[in-house]
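Handing you this structure, nothing more for now.
Here the chain labels run A, B and C in written order, and each chain numbers its own residues starting at 1.
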Amino acid sequence: MRKLTVVILTLTAALLVVFVLSYRSAGAQGSSYAEDRALIEDLQARYMFALDFRDIDKYLATFTPDGILDIGEGEMKGYDAIRKAVGGMPKETPAKDAPKIRPAAGRHNISNIVIKVEGNKAYGRAYWFHYSNPQRNSATLDSFGHYEDEMVKVNGKWLFSKRRIYNENVDKWATTPGVNPCW
Amino acid sequence: MRKLTVVILTLTAALLVVFVLSYRSAGAQGSSYAEDRALIEDLQARYMFALDFRDIDKYLATFTPDGILDIGEGEMKGYDAIRKAVGGMPKETPAKDAPKIRPAAGRHNISNIVIKVEGNKAYGRAYWFHYSNPQRNSATLDSFGHYEDEMVKVNGKWLFSKRRIYNENVDKWATTPGVNPCW
Amino acid sequence: MRKLTVVILTLTAALLVVFVLSYRSAGAQGSSYAEDRALIEDLQARYMFALDFRDIDKYLATFTPDGILDIGEGEMKGYDAIRKAVGGMPKETPAKDAPKIRPAAGRHNISNIVIKVEGNKAYGRAYWFHYSNPQRNSATLDSFGHYEDEMVKVNGKWLFSKRRIYNENVDKWATTPGVNPCW
């Protein structure tokens, strides 16, 4: 009888271990499509705040160390290359001759987010558009395009391994007309 | 003793089967609100890519075979009817007298997505807006409205069973003023 | 033998109970980031419908009873204070001298949604922009800014406990230039 009880308890314990492990990996640890997509959407939104508010360190932190940014001029790879390109963007400071006017604000927005997840890799397609307030009391839509992204999950965090940006304002940055870049 | 061991192992196996089945249906297979909403958001975004890039087959594939599209002119039901209506939309080809200018791009965007899920049925409300670049080097917001959607889950995939489009640019396509179409 | 069978069945039942309870708390009840984010996104979208369609009761219902709204003029706390402020917004009714023209439509949109969840509290950052159709047959982007939100989960429902709105159209409502309000 004791032997049997040991067998039963051992099996019960084993089952509980299997259950808890599986539960953890499914729930809070992000192995479902919803969990991965939620984390990637958050990444994509934080990227925009960092970009528009010139927070270059947080911007870089959305990429892997060997991440690639390509705005249509070839691939920039790694933090140093991206920092050089993006860090050189003009800050929104007041003009010298108009020191009392606050700087204009410009904002990039992401929409129509499509995400395909394959294990620790993900592929994204999304639209972006940009508006600004050169007159300070109104708003002007000024450009748009789309993203083609690759993301990887590193230690439970999703990061861009590659972001290719298409911009419909400039011939050589525009996408091929009539070809759906999405699946 | 052997008989008892058989009983124990059988029960253990049964428990594991129950667990795995339940786990699958909860996790990767989309039975939570997050999972359903994530899949529906992806559907809504892929719809936009297919629409704007004139990918009529992928566009139709976002509907059920007896799906309904209604832009304010009555219901178009099924792939053939929808294909006829949407496939007839003008392609963005260059004007005859300006063959060297790339075609203008126009893009539909979805935002403010509200989704209510009831089992394998879902109800959606969302805003849409459209911009284009007739000058190629700038952007123009030109129209907006909202969607009233019904979706169904078929073999784990969410599809539109009905999409009703309201457009505030045209009197007879506009929504009733002052009535919140959402819950 | 019977005693043993009872032991086995009891353990089996206990395991099933543990499993079902854990499953419920993980799945439909929203304890994952994806589940919380999905519910909060839905809240943020319903807020917009209620605001734009002047549905003041549904608008208030997105806040906790002691919720705070701050558009840059100090905190308005609780349903009565918020109702007074938002309920006083002009309805989109036709002008007296043009009774046959339908009222113009104006729409607020949310994008770039960043959400951090800590138990039953959540912190949000997001962009907003507004467009309208004063001419009825076109669209005009007219203002934008961002949200800084605090949310709480009450009985499984997420609600705003505080929404601070920044608006880049007005000096005293604009955000501090060059400071990323996000993490």
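Throughout what follows, contacts are C-beta pairs under 8 Å (C-beta built on N, C-alpha and C of every residue); 3 or more make two chains touch, one makes a residue touch a chain.
On a predicted model such as this, the values are computed, not experimentally measured, just so you know.
Colleague: For chain A versus chain C, which are copies of one sequence, does the interface use mostly the same residue numbers on each side, meaning over half shared, or is it different?
Modeller: Shared-number fraction below one half, so different.
Colleague: Hey, what angle do you get rotating chain A onto chain B on C-alpha, to the nearest 5 degrees?
Modeller: C-alpha superposition angle, chain A on chain B: 120 degrees.
Colleague: Indicate the whole-number Å distance between the mean C-alpha point of chain A and the mean C-alpha point of chain C.
Modeller: From the centre of chain A to the centre of chain C is 22 Å.
Colleague: Two-or-more-chain contact residues of chain A, please, as numbers and ranges.
Modeller: In chain A, residues 4, 8, 15, 19, 23, 26, 32, 34-35, 37-38, 111, 141 touch at least two other chains, as defined above.
Colleague: What residues on chain C touch chain A, complex-wise?
Modeller: 4, 7-8, 11, 15, 18-19, 22-23, 26, 31-35, 37-38, 111-115, 125-127, 129-130, 141-144, 168-171, 174-175, 177-183
Colleague: Which positions of chain B touch chain A when the two form their complex?
Modeller: 1, 4-5, 8, 12, 15-16, 19, 23, 26-28, 30, 32, 34-35, 37-39, 41-42, 44-46, 48-50, 53-55, 58, 91-92, 102-103, 105, 107-111, 131, 133, 136-141
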